[in-house]
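Okay, structure first, notes after.
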Amino acid sequence: MRTKSFRSVVRNYRAVFFDAFGVLKNHSGLIPGIEQTFTYLEKKGIPYYVLTNDSSRSPDELAKWYQDRGMPNITTDKILSSGMLAMEFFKTKLANGKVVAYLGTKKSAHYLEIAGQNTIAISDVDLNDLEHIKSFAFLDDEGFDWNKDIDKTINLLRHKNMTVIVANTDKNYPVNKNNISVAVGGLADLVEQILGKKFIRFGKPDAQMFLLAYERAMVDVPDIQRKEILMVGDTLFTDIIGGNKFGLDTALVLSGNTLPDNAKIKISSSGIIPTYVCESAVIQL
Amino acid sequence: MRTKSFRSVVRNYRAVFFDAFGVLKNHSGLIPGIEQTFTYLEKKGIPYYVLTNDSSRSPDELAKWYQDRGMPNITTDKILSSGMLAMEFFKTKLANGKVVAYLGTKKSAHYLEIAGQNTIAISDVDLNDLEHIKSFAFLDDEGFDWNKDIDKTINLLRHKNMTVIVANTDKNYPVNKNNISVAVGGLADLVEQILGKKFIRFGKPDAQMFLLAYERAMVDVPDIQRKEILMVGDTLFTDIIGGNKFGLDTALVLSGNTLPDNAKIKISSSGIIPTYVCESAVIQL
Amino acid sequence: MRTKSFRSVVRNYRAVFFDAFGVLKNHSGLIPGIEQTFTYLEKKGIPYYVLTNDSSRSPDELAKWYQDRGMPNITTDKILSSGMLAMEFFKTKLANGKVVAYLGTKKSAHYLEIAGQNTIAISDVDLNDLEHIKSFAFLDDEGFDWNKDIDKTINLLRHKNMTVIVANTDKNYPVNKNNISVAVGGLADLVEQILGKKFIRFGKPDAQMFLLAYERAMVDVPDIQRKEILMVGDTLFTDIIGGNKFGLDTALVLSGNTLPDNAKIKISSSGIIPTYVCESAVIQL
Amino acid sequence: MRTKSFRSVVRNYRAVFFDAFGVLKNHSGLIPGIEQTFTYLEKKGIPYYVLTNDSSRSPDELAKWYQDRGMPNITTDKILSSGMLAMEFFKTKLANGKVVAYLGTKKSAHYLEIAGQNTIAISDVDLNDLEHIKSFAFLDDEGFDWNKDIDKTINLLRHKNMTVIVANTDKNYPVNKNNISVAVGGLADLVEQILGKKFIRFGKPDAQMFLLAYERAMVDVPDIQRKEILMVGDTLFTDIIGGNKFGLDTALVLSGNTLPDNAKIKISSSGIIPTYVCESAVIQL
């Protein structure tokens, strides 16, 4: 696979969208050298944004993670998460003060609370008293007991028909160099298949995620066109196909999900073709 | 199923999005009385737009169909089609003057030509000379020979890896009161499954379709919010789930795909819940 | 839905295959009156067999359940379980004394041990020492910690390529009148989807389950033909389609999964057509 | 990929099952040298059978193809086709003289006529007069007009609920060195998906196909055990997984669908593991 240097690619764009996991960070922390990329972009005056299928943490917390690692310029307003789309959904579609049940940590429920809803963890739901529960959200794969709460979710949704949202489209995520874990999007698939229902899902590759970031970019560069933005990601099925479809140029980096060994075969077997392939998003100054 | 009168629902909104087939028209022509709905909306000053998963005809032709039937106010700028998203895609992502092969009628290829591309019908493609072909589009289920051209499409995409778009997500459509026909989205499913590839699809329920219409609505009502728009459709899996996800209120009408007899069971088995259910979009003045 | 009396149907056959759950028993115990059916069949000299997608218990234990409830004639040799197919598979395909890892209870692993294999529960597997593990079996949805052992199964199968079998094709099962639980077949779906691998599955509607019972019936009625056997079940997608495909006549009973209210719509929407529909398998003497 | 010589593998078995396409023949005719394999097997007294997902031709015609190419010992009784399972199905499940509509050539309908049914090609069906039509069969991808008859099949099955069988599970097949064609199993998928119905499918990897051949082998070698039979095929998803599941040993040959370059990656990504891998089934004497 012939790759291009990230520097030679990125300097032709007026804004950059980064996927987080596999591009900026991995299981051990920041990808070594990535801070130089941000130094470069800031010097060149190219604004950047982080688009993440993560509904387990608030944008504040997600930003703080970078700041704690010596990157003070990655502020909350640079972060666009699938959790924000879920929040926006509830803000628009549900009257204030309704009760939304959820699967996830207490922290992940914060997105719903900011949207003005009352929340109840699935473990606290009484299946005999569902009158007040208006909606359901899949938020995080942690914070509940898989032995009981997956079945309880299924039975809640069998007993009462309600709108269900999934705040993260990912099926799994890496936990360390060798292992992965089922993500809340994978659990939602299981529940959807057993119930035969259709949930509303938020996150890449869906257009709404890119729209959210595009609206943010237009604040910084008012006349920016879609094709003047570069989407940088490590996953063909979320970052690259989503970016292509939204009209962005796309750079696949080989520092995460897609490995140098199989990038070529993955591109040709999936038919998902990035504009560029780069070894990583690191720019050495 | 308890229904609401469409008049009592629609008057609370600042703009309306209509699905076409099953809402405004059916196999016999206009739905009787629907012109009164437009008279009502115009009198009230509520702007309206038609969102259609149709890439077989240009917006001009789609508008002319209504004008020929006594509705002069449904002008080209009121029509948003999935073909327009395909056009926009090629305009942004492909340099001018490239060659796009397609499955469909010559008329449907118009969308590509407006985008500045050269086009070639699959029947005219020489499988031994693919150098110049850069992309492929599924546009219409007519205009080619199913006996040969579906296989030829499959072999073209096996021989050369290229970006493929599908300009209509529908699997089938009604041809008369009793019968349906496979739509180009259904053919694309067949090809995708045989190849194991992933195509880019345009049309409801995808957010981009709603975004296109929302941008149009903001021209007419600059400060309009999503929840001030009503999406009216006859199909839960495209119009209603897509409208809900985009943050619109939704009205399911029972004049098309979803029948009065099974609306309740379809809503409860799918978990896709419209804001309102109305018998039809007809307002009797 | 017009139904036939089970007595008028069954007396024309030379052998009967019964599904267990929803036909002979439910969450509360035996279906009231079902013992009279067996008295009738014995009097008429019509042999019967129980075909169950159950790999959590041995045939001995499954038979004992009926015997404990006053049906001494339901002996081990009357029971055909999907676990027996799994056992047969390992007996044939794996040399004696190999190690098979499993998800399930210690009791469910009995099927593997009878097949001459050594077994190790997924919780006891060391992911850094997989040399000796030769195969994997999904056996039961209990007996392990869902919080850890589903992910561990996924990572085991990522680290080492091995043959995987699923000893129960069911996705879920009823736990009481109102609630269901994810079955091991549902968990296997989740794992299969995340890995992109293809497991070997045993149980109805697969032909091997019916073949096992047919071979048993030929011991009792040596010249029996397939069409002289009646398959009785409550589920269209396992009992009825499987029986039809194997060449048996089929009776759908409305005492379990398929309710009197929706039998007609389920038959017409699925296209799976039983030879007969009966209210239940109970014969009142 | 380390391979074994086919001779060293096959001599340890008491019977052999061969897939046809990609193993014994390809688009140009017999695989060069394959006749020596049959000479070897006959000398050793190892009986062999051909298992093919082909319902377009009768076993007589399939056998004649080999005989015309200098292999007089491949007689009709050596051939087991998925069409024979379809025939058996109709013989058992449908009273004589009923009418079965079909998609395919007149020749392919022969299987139904031998089963004692009257047949009608879909092109001759009158959608306003369906009273007499009792069942439907997908038989071949040729012999009809794809432009009209696929839609007509869909509408027939919408208007009248009937049992539908698919006599070939393959999705596509090679037509020459570079190109493939949609098989009738692929068309059945399309129709099934549009209708939301569930058809009965015959052919590998299903157990019934292997059972048919096993019963034939038991005539020649009465005490033969499953593990004494070798299944030889070029396709992991039909020949190998089906053979493994039925308890046979399996040899993947690299002369067809699975190429030497990607055999290793296909085995590890699918988790379908053959007992042996051989370059081809040719034995050089």
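Letters are used for the chains, namely A, B, C and D, taken in the order the chains are written, and counting of residues starts over at 1 for each.
To be clear about the criterion, a residue touches a chain if its C-beta (ideal position, glycine included) is under 8 Å from a C-beta of that chain, and two chains touch if they have at least 3 such contacts.
Keep in mind it's a predicted model, so treat the numbers as computed, not measured.
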Angle of rotation relating subunit B to subunit C [CA atoms, steps of 5 degrees]: 180
Most distant chain from subunit C, judged by the mean position of its C-alpha atoms: B
Type of subunit C:subunit D copy interface by residue overlap (half), same or different: same
Distance between chain centroids, defined by C-alpha means - subunit A, subunit D (Å): 45
Distance between chain centroids, defined by C-alpha means - subunit C, subunit D (Å): 28
Centre-to-centre distance between subunit C and subunit A (centres being mean Cα positions), rounded to whole Å: 40
Multi-chain contact sites of subunit A, meaning residues that touch two or more partners: none
Residues of subunit C touching subunit D in the complex: 88-89, 92-93, 157, 161-164, 195-200, 206-208, 211, 225-227, 237, 241, 244-247, 267-273
Of all residues in subunit A, those that touch subunit C in their complex: 127, 145-147, 150-151, 154-155, 158-159, 171-172, 175, 178-182, 186-187, 189-190, 193-194
